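The data blocks that follow each hold one structure.
Common to both upcoming complexes is chain A, partnered first by chain B, then by chain C.
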Partner chain A sequence: MSAVADTAPQAAAKERGARAPWAMTAPALMLFVGVLLIPLAMTVLLSFHDWGQYKGIEPVFILKNWHEIATDPYYAEMFWRTFRIAILTTLLTAVLGAPEAYILNRMSGRWKSFFLLVILGPLLISVVARTLGWALLFGGNNGLVNKLLMSLGVIRAPIPFMFTETGMVVALAHVMMPFMVLSVWAALQRLDPQIENAAMSLGAGPVTIVRRIVMPQIMPGCCRARSSCSRCRPAPLPRPRSSAAAGSRSRRRSPMTSSSTR
Partner chain B sequence: MRRNGPLALIFHTIFVTVMVAPILVVCLVAFTPEGHLSLPTNGFSLRWFRTIANYPEFVHAFWVSLGLGALSSFVALLFAVPAALAIARYRFRGRDALAALFLSPLMIPHVVLGIAFLRFFTSVGLSGSLAALIIAHVIIVFPFALRLTLAAATGMDLSVEMAAVSLGANGWTLFRRVTLPLILPGVISGWALAFIQSFDDLTMTVFLAAPGTETLPVRMFLYIQDNIDPLVTSVSACVIAITMTALILLDRFYGLDRVLAGKGDTGR
Partner chain C sequence: MAYLELDRVAKQFGAMTVVDGFSLAVGKGEFISFLGPSGCGKTTTLQMIAGFLDPTRGAIRLEGKDLTAIHPAKRGLGIVFQSYALFPHMTAAENVAFGLEMRNVPRSERAERVRTALAMVGLAGYEDRHPRRMSGGQQQRVALARALVIKPSVLLLDEPLSNLDAKLREEMQIELRQIQRTIGTTTILVTHDQNEAMSLSDRIVVMSQGRIEQIGTPQETYERPASAFVSQFLGKTNDFAATIDRTSAPARLTAGSWSVPAPAGLSGPVTVSVRPERIGFGDVGLSAKIVTRIFQGNHWLFQCDSECGPAIVIRQNDGQAQPSEGEAVRLVWRPEDMSVRAGAAA
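Right, the complex of A and B next:
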């Protein structure tokens, strides 16, 4: 290397910099390859094996299982039901969660953090306990929810909630709601309130402001929440965005990655 | 302008009520003096909390859950902290792919993970053992540990480390005395969130747990399948109380919105 005196240490540091991240991630990488990727690959392989009641699993390569999934209406119905419930749950979550996030965002500091704790809290409370709660609320034809709705005159006959898709959608929406509120709320945080003020000063009413100003800006947040909702899985935590300082520093290191902020 | 109208407040009240209702009803029913599921209409009673003591399998499952959560979160952090530091500081080939791999347990349905782990641990002869449970839980809580450590490491001021290096600190000393204390809030929050996730996981654990290594959610789930009586509500109430305590501590310590949204690293 014919490096000038003052760039030589930089080159050395760069070389070290190329190896260091791999050394630091190696343990985790080995763990993931060994205990996550291999088991998943084994499961995929298993799907091509044969199975019989008396012979057990036979390590042959056949497409019988895949063919069965593709043709048996039993599985088609199950897939469709899962899909339908996910869509309905997501819609319900969006319709109720987005306005709530908006209301939450307009509250003053103390109330905001209190209600945020109340709404996000269920996220971390045992799913078994939460579902048991819904079972108690729905419980048969004279569950608490039905009693309440009937006494309010909303419905005449009790709605069967338990063991029905209605009940599942309601309970799933409850489980997923914090994600939606969180995502929309995070999107609202980045919104400049002055834009709303400007719209109002130009004569826009509250409905117009929400429809033309707020909605377009928070849509990415809604969509992100929606994608994590329809996965029907606790997958919270949108990607951390690098802070301005660290971002610019790393950008200096490698200009190619500067556009990868999403 | 920045205020909520009465309609908005009514909506908000109903919304919060619905969010809290299932949790509240479980806690209320737990205090029933009756022998069946009912809201305590004539006085509160602790009889169902005392009944828990007669079911040693619940108590045992609780300790399994507690130990499993604490240990797997700790092990996950041992792997996650160096990985997070590498991902936060270096731009290297395969960095995004690595990050995606490390966060992938969030995206894979836990049922699939459960089946995969069951098959894997059976073939290596670990099925039903506590070791298998711990390894599996390390994988599923890893993203949470990584995420929060990453957020803390990304926001860290590197000049502090440079100053330490210029003063002669190196390797381990640098990490122990400078880096770790700076990212500690993120690490502890990561541990807490990972612990809660491990403590709560049912879908994946139900595939791996054997008699003797059943976690509390698994034990509760199996019990509910047979019969629902106020006992499960009192156990649930205990779990809720523990989680709420952890939650409030986490909120005080680090801020719940930051823990969940990774918001803390945007504004600094």
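Right, the complex of A and C next:
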């Protein structure tokens, strides 16, 4: 009898315990729904409506826009370019950022804070100043990078950086680097400080330790960084050089793409 | 010849000496504990054996070969860390297999040895579990299996049981001892828990401030502590200030109103140490008053105010009537139950 009476409040407490995480994440979840999910859903709805230069948005249900996206090579090219730049940027950031974070994590206190500030530096500078900086480094044939490479004898003729994909990937990797370093660093700090010693005591060399023990554990950090990199760059990227040509075609854009660049 | 030998090993960090003049000879198959409070250098010593730290001075030899010249990855020692340091992205079996993989053990033999190792620590059937889905005790067992499967020349245990709750710790102590006896691996355990050191080891190395205070069997270090530190650190003890008077014959050892024939050797101010469980209540002896009386099931704990300072007395709960709080008593003990050291009690 008493056993039955005892289980009831226990069950209630268990239920409360199960609901607590939901209650605590609710505010953030609501913000997420309000500013991301609802606008996205509205954009999807909008994509089924018709649009004309003079008639504006017409609330009808058509598949014209989707058909256009699927068949027009203009969009295919644009999407492919977006993904290509995203992948190249992520690769470059990971290849440079992950070792950077690993070295940072092994530094002692004072140097660590100093270099953390250096890494976070780009985030503190306005995007205009940063862009101007890269323009000075890359600009035309007399850019600092080209001058340096030529004086070192690495290249004979200047490499075109400005308005090219190479330049964009380099500059974007620079912008995204702090996110990558911070994410990987956070993952590295969660690592058991003894885990490398444990692997070493079992006979693993330094390369094996990084490849088999450290890398698999910081991969989630890399993935997080990758997603935050692409979050910062949701707009599809038109071809950089022929902006005029893209502009002339922009009249044909569907409401969906034009709304995202607005 | 000793199996593992530490010869005047010292470690300095900058101007700070963490370990100094550490000499120890460990026999094959022996279970040794490094016991001491935190910061006494016991973990540093273990890390020097493991190779994660290099000794500033001194030599470490394994079967006569200089161990410090060998890279930690090649020393072939098994180590269980305080945090277990399991690889979280691998299953229990993969964790245990890692060391064998590094030794290029063929796949079929590897699987067999992993299964045997996990069965030995009582984890048969847990091969595919990830560490985060295991309890602290189970993780501890995986760590032990991982260290033992490579058939290490020496097993090093760095406070392996300190993260477990009291009941589980006791179970693991018994199991650890049984496993060590069965496979006969030379083992060094670092711990700050005197009960753990006493119940597990063949010999205890008591350390304080980077130096060895005493090396001996658990019984030796408990019954005949070499220093005040050892007697204080290994269990509770009572220190009474006393004097030995050799001017009149026969010489006598006197503390307050208590007096016995003096042991040979010492004279002047001395310290008399008696374990709480060796003190009884009698008619003649140190006069004292019971301050508090605490019942602890199988025994009574008395805190007394004696004429030579505070004293603790433990009496078995054997059904006899015990004195009550506030009562005046006499504390008595047999001469063989006390140890006498030169110098006044601190």
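Everything below uses one rule, namely that the second predicted complex is superposed on the first by the 175 of 262 C-alpha atoms of A that agree within 3 Å, B and C clash if a C-alpha of one lies under 4 Å from a C-alpha of the other, contacts with A are read in each partner's own complex, and residues count from 1 in each chain.
Definition applied: a contact is a pair of C-beta atoms (placed from the backbone, for glycine too) under 8 Å apart; a residue touches a chain by one contact, two chains touch by 3 or more.
Here the structure is a predicted model, which means the values were calculated and not measured.
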Which superposed partner A:P216 touches (first chain B, second chain C, both, neither): second
First (chain B), second (chain C), both or neither touched by A:L202: second
Chain A residues touched by each partner, larger count belonging to chain B or chain C: B
First (chain B), second (chain C), both or neither touched by A:L63: neither
Which superposed partner A:Q194 touches (first chain B, second chain C, both, neither): second
Partner chain(s) touched by A:V154 [first = chain B, second = chain C, both, neither]: neither
First, second, both or neither for A:V95, with chain B first and chain C second: neither
Partner chain(s) touched by A:M78 [first = chain B, second = chain C, both, neither]: neither
Overlap of chain C and chain B interfaces on chain A (superposed complexes): 197, 200
Chain A-touching residues of chain B, taken from the complex the two chains share: 1-4, 8-9, 11-12, 15-16, 18-26, 29, 37, 39, 78-80, 82-83, 85-92, 95-96, 98, 101-102, 104-110, 112, 115-117, 119-120, 123, 135-136, 138-139, 142-144, 147, 150-151, 154-158, 193, 196-197, 199-200, 202, 217, 220-221, 224, 228, 232-233, 236-237, 239-240, 243-244, 246-248, 251, 256-257, 260-263, 265-266, 268
Interfacial residue positions of chain A with respect to chain C in the complex: 192, 194-195, 197-205, 208, 212-213, 216-217
Complex contact set, residues of chain C against chain A: 50, 52, 72-79, 81-83, 85-89, 98-99, 102-103, 146-147, 150
Chain B-facing residues of chain A, complex: 17-18, 20-22, 24-25, 27-29, 31-32, 35-36, 38-40, 42-43, 46, 96, 99-100, 103-104, 106-107, 113, 115-137, 139, 144, 171, 174, 177-178, 182, 185-186, 189, 193, 196-197, 200, 231-243, 245-246, 249-250, 253-254, 257, 260
